[in-house]
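A quick write-up on the structure given underneath.
As written, the chains take the letters A, B and C, and residue 1 is the first residue of each chain.
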Amino acid sequence: MADTELLRVENLKLHFRTTQGIVQAVDGVDFNLTYNRAVVIVGESGCGKTSLAKAILRLLPRNVAEYSGHIYLDGTDIMEYDEEEFRQNVRWIKMSLVPQAAMNALNPVIRVGDQVAEPAMIHLNARPEEAMAMARKMFQNVGVPADFLVRYPFELSGGMRQRSAIAMALVTSPILIILDEPTSALDLLTQANIMNVLKRIKHEFETSYILITHDIATSSELADDVAVMYAGQIVEVGDTPRFFPNPLHPYSRKLMNSVPRLHGDTEPEFILGQPPSLINPPTGCRFAARCPSRFEKCDEEPPTFNIEGRRVKCWLYA
Amino acid sequence: MSEASVPLDTQAAAETKRKATVSTLSRILRYTVVRLIVLFLTVVVAVYLTILIANMGGYVDTIQRGQIQEAVNMALATNPAFKQLSAAEKQAQMAAQISIQEKRLGLDKPFVVRSFLYLRNALTLDLGRALQMASDSGSKQVKNIILERLPATLVLFGTADVFLFIFAILIALSLSRKYGSFFDKLFITLAPTSSAPGWFYGIFLILIFAALLHWLPFGGLVDAPPPDSKLMYALSLMKHMILPVIAITLSQIFLSAFTWRTFFLIYSSEDYVDMAKAKGLTSRNIERSYILRPTLPTIITSFALLVIAMWTGAPIFETVFLWPGLGRALFTAVGLYDTPVIVGSTVIFAYLLVITVFLLDIAYALVDPRVKIGGGESRPQ
Amino acid sequence: MKALRNTFKELVRYPSAIIGLAIIALLLVLSVYAVVSIPYSKAIVLWRGGEGVWYEYPKYAAPSWINFFRREKLPDSFKQSSKDGTAQKTVIPGEKMTSTVITYTFDYQADEYPSDIAIYFTDVYTTKQPFVSMSWLTPDGRKIDIGSFAVDTKQTYYLAQDTKLQRKLAGLAPQDGLFVADPKAGLTPPVKGTYQLVIDGYTFDKGSTIDAEMVLYGKVSGCCGTDHLRRDLRVALLWGTPVALAFGLLAAIGTTAITMVIAAFGVWYGGWVDGLIQRITEVNLVLPFLPILIMVGTFYSRSIWVILGVVILLSIFGAGIKTYRAVFLQVRESPYVEAARAYGAGSLRIVFSYLVPRIIPLIIPQLVTLIPTFVFLEAGLAVLGLGDPTLPTWGKIINDAQQNGALYQGLYYWVLEPAALLMLAGLAFALLGFSLDRIFNPRLRGM
């Protein structure tokens, strides 16, 4: 088990200080990921998905109140690294990022090619021409014409920018790529194209993905595992073949029912109520207030239960 | 598929690099040409407006008439035949000559026509003759008087601008790094002091360093009499420049550093800065390429407005420091009611502003690839 | 109204805003006091000065409060007159002539010499001029003859200008020499005690009289000091306040309001209107602002109202137009403007009821921050000698001081007083403006 484990996150916490109080954006998250698999993290907006990605990548804003837990990547606890060790050994070497909106993720005044080649120069000590050649190769891999290397981000379409961002994430061949809503800003056709690119890359480069999205439908074709996030916590983790037909957590069920389906006669439902505020979240189960199956036990914080290799944080499975 | 299986095409990469350079150059070149044309038209309009304002009371006409009168006098005085004539005949002859000349220069034409003649004169720097003032070399041509003063103004404000820009950027960067520190708070607190202009600080500086402490001169360009050797002249010039340069810097540094620091902070919360960090760039690299570079266009815009305000403030500033530049020439001309010099200096100021705008436009184009050429030629897809 | 109160509540959380508001309040009180205590017409007469207005004030006198900081006290001015009984006057009628003795007795305790002593004679005679001879009695009992001369109906005698007396006092200036223990020993500190100046006057006509007023000019005067024309700087310092505030406020409000409306129209009509406005802005940027103002001031008028008008005219197409345009472009796309257009609101109505009000909270900080610029501009023009010819202003004091080499001569109060007020006014609005900016501009919040 241990030798196939790529990433294990234990009790990861990331809290922010704001004028209103402490925001518990990531509050005790556990999950793991084996080599060459993709886990999709789903949840509503504001549930802490993006903060989870930032916590794993150690991209912390100024107002961090608490940042703790363990992240074992390829066998070492990268939380133990200091900033410089983390930069040299983890960033873009072990894991890279494809950001949410690639327009803002690319420096507007530097040519795309230079931005893609940059990590290779820093981490692989490549000479500028070598790095540029690697960037060119990656552009071919993701389907961007090599001419675009000399263009500036504003001269690229949304789809091309996103592909460039993927090329950038691949240039140093990391073992883990975190994709933060990689297709949400794009039209459907482009979304499908990008998803195909990602699938092909996963196959060819044997990389692993953490895919963060609220778009369950699109992610289903790429994902091997699903983690459902709610109010800063992961409430359910399971493999796709079993999760999609039969989600365990009441929230997961609700979430799956809210997805419109092409085939079938069920109307999409919506989840009543608002997710709890991450400042002073409720004690006990955080979904209790909106849960149709709520009972007395729910006032206590549920532990994680293991149901045949699937893990769920709900008293129904006690 | 591993790294080695596809050979790296460094040749193509070098080609890419060359293409990048060529595209940058051609972009800047095209932009320069377009801006040059636009700004030329702008300066034509600006100078024309200046002439209209000046001539609302017929002052440009007066300049022209004065010049004709003097030219005719000179011509006739050297003419031996003229000396033989009686006073009345002399008068008549002079009047006739003057009216011929006025006709030749178009003074009999309606103002609309005349105004364009004046515009042409102003654009070709044919600024007429001064009534009272003279250049140090004795010339009464307004052009010569102004050209003699211009270097002093350029040296002073050029130095001050460069000082201010470098200091403000360095301070702003260091403040944005130490966001919330004591110095950061100090600069926030002191930023409102920049509402006072340079000349105002100048008065205080003169009071302290010249009047009370006698460390530095009250004003002027160099010691009197001017030192003979070039080195001593330069040293004397530098000594005289200390207070004015400090006055300009002092009056603007707090606000500029504060504003630019805020730009840096706003820009450093952009997603691409996080990306750069995720990519494992060193913080020095991030600061240089991902914070400073993208912020530079905004800073240049803010600096351009500052420089323009400084140019136009030159008459007051140079008066306080007795600096024999263009601004003080204007002030002296006001005192002597020397209209040709007043109009001429104003025109030259318009040129200075246009050149400043042009240079800063080019700087802007160099740091921001997104500049549009002539309104719609950029090609976002 | 509620929004206003909320803004105010938030504002008082910023110490700099409180300081700014306090100074503005102080300046407003000062303005009201100025206008009430010295009415406009009187202020102008006082500032014009001339014959008889300021004769009892010394030239170049520092404010009296500087004596608090000095060990050697400077003398203040005072006057004594034979007319109002402050000086002793004895008339002894005689056959051919009448003798009049006027005695000025005063206690001198200052550690420095006065700047001058003047005697203003007013005589009445028909045929023959009265004759006077004056003498000086020191506390240590010496008697110095000052001089004798015939006087006209109105005549002024300045001791400091009497070169004969100066020779008598071993070359010391009379206003110094009369106060030292021994003129031959040079300038020693003045002898303190009771001095007397005695005028022995002789009149020859029937009904002829002599009256004389002595003014001893000190080296300090009033709360603010005086200038080269003996004018009390208090007048200009006080009156400069409403002038500066009015100029700054009117210019800032005029500029901002017009700019805003122009930007709104440009955005609303778009097309060539917008294009034209942007071209004008570009041209305006290279128009030499101050030189044109100087031209207007030299050629046409220095009236503060004309200058105000030109300043506004040259400023409306300034950098602000770009900022406002960007905001209006956003507002134009907002749903409620869409709705207004849908129910058929006219363009004017949309511009004034929908676009303009939306931007007002945004421009208030800008407006307040603009005020100091104009206050200093007005002062700067005055420093160039282009101030309003009649109004007493701060800038004109600085201009006078510069022209008379105040800094060379160590007359620092002359520059520092108006400068301090200018700084105070500029800083107050800047402090307030900065705080407002932080409240209204969410991007700056917490930065």
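One rule holds for everything that comes next: a contact is a pair of C-beta atoms (placed from the backbone, for glycine too) under 8 Å apart; a residue touches a chain by one contact, two chains touch by 3 or more.
Keep in mind that what you see is a predicted model, and the values were worked out from it rather than measured.
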Chain-level touch network, classified as line, ring, star, complete or other: line
Chain with minimal offset from the mean of all protein Cα atoms: B
Length of the line joining the C-alpha centres of subunit B and subunit C, rounded to whole Å: 33
Chain centre separation in whole Å, for subunit B relative to subunit A (CA means): 53
Intercentroid distance (Cα basis), subunit C paired with subunit A, Å: 69
Touching two or more other chains - residue numbers and ranges from subunit B: none
Contact set on subunit C toward subunit B in their complex: 16, 282-283, 285-292, 294-300, 319, 369, 372-373, 376, 379-381, 383-386, 398, 402, 407-408, 410, 412, 415-416, 419, 422-423, 426-427, 429-431, 433-434, 443-444, 447
In the complex, subunit B residues that touch subunit C: 38-39, 42-43, 45-46, 49-50, 53-54, 56-57, 59, 189, 191-197, 199-200, 203-204, 206-207, 210-211, 218, 262, 265-266, 305, 308, 311-316, 319-320, 330-331, 334-335, 337, 339, 342-343, 345-346, 349-350, 352-354, 357
Complex interface listing, subunit B residues touching subunit A: 1, 3, 6, 8-10, 12-14, 16-17, 19-20, 23, 179, 270-272, 274-282, 285, 289-290, 293-294, 296-297, 367-370, 378-381
Touching residues (chain side subunit A, partner subunit B) in the complex: 54, 57, 59, 62, 87-88, 90-93, 96-97, 99-101, 104-111, 113, 118-119, 122-123, 128-137, 146, 149-150, 152, 154-157, 160, 168, 173, 204-205
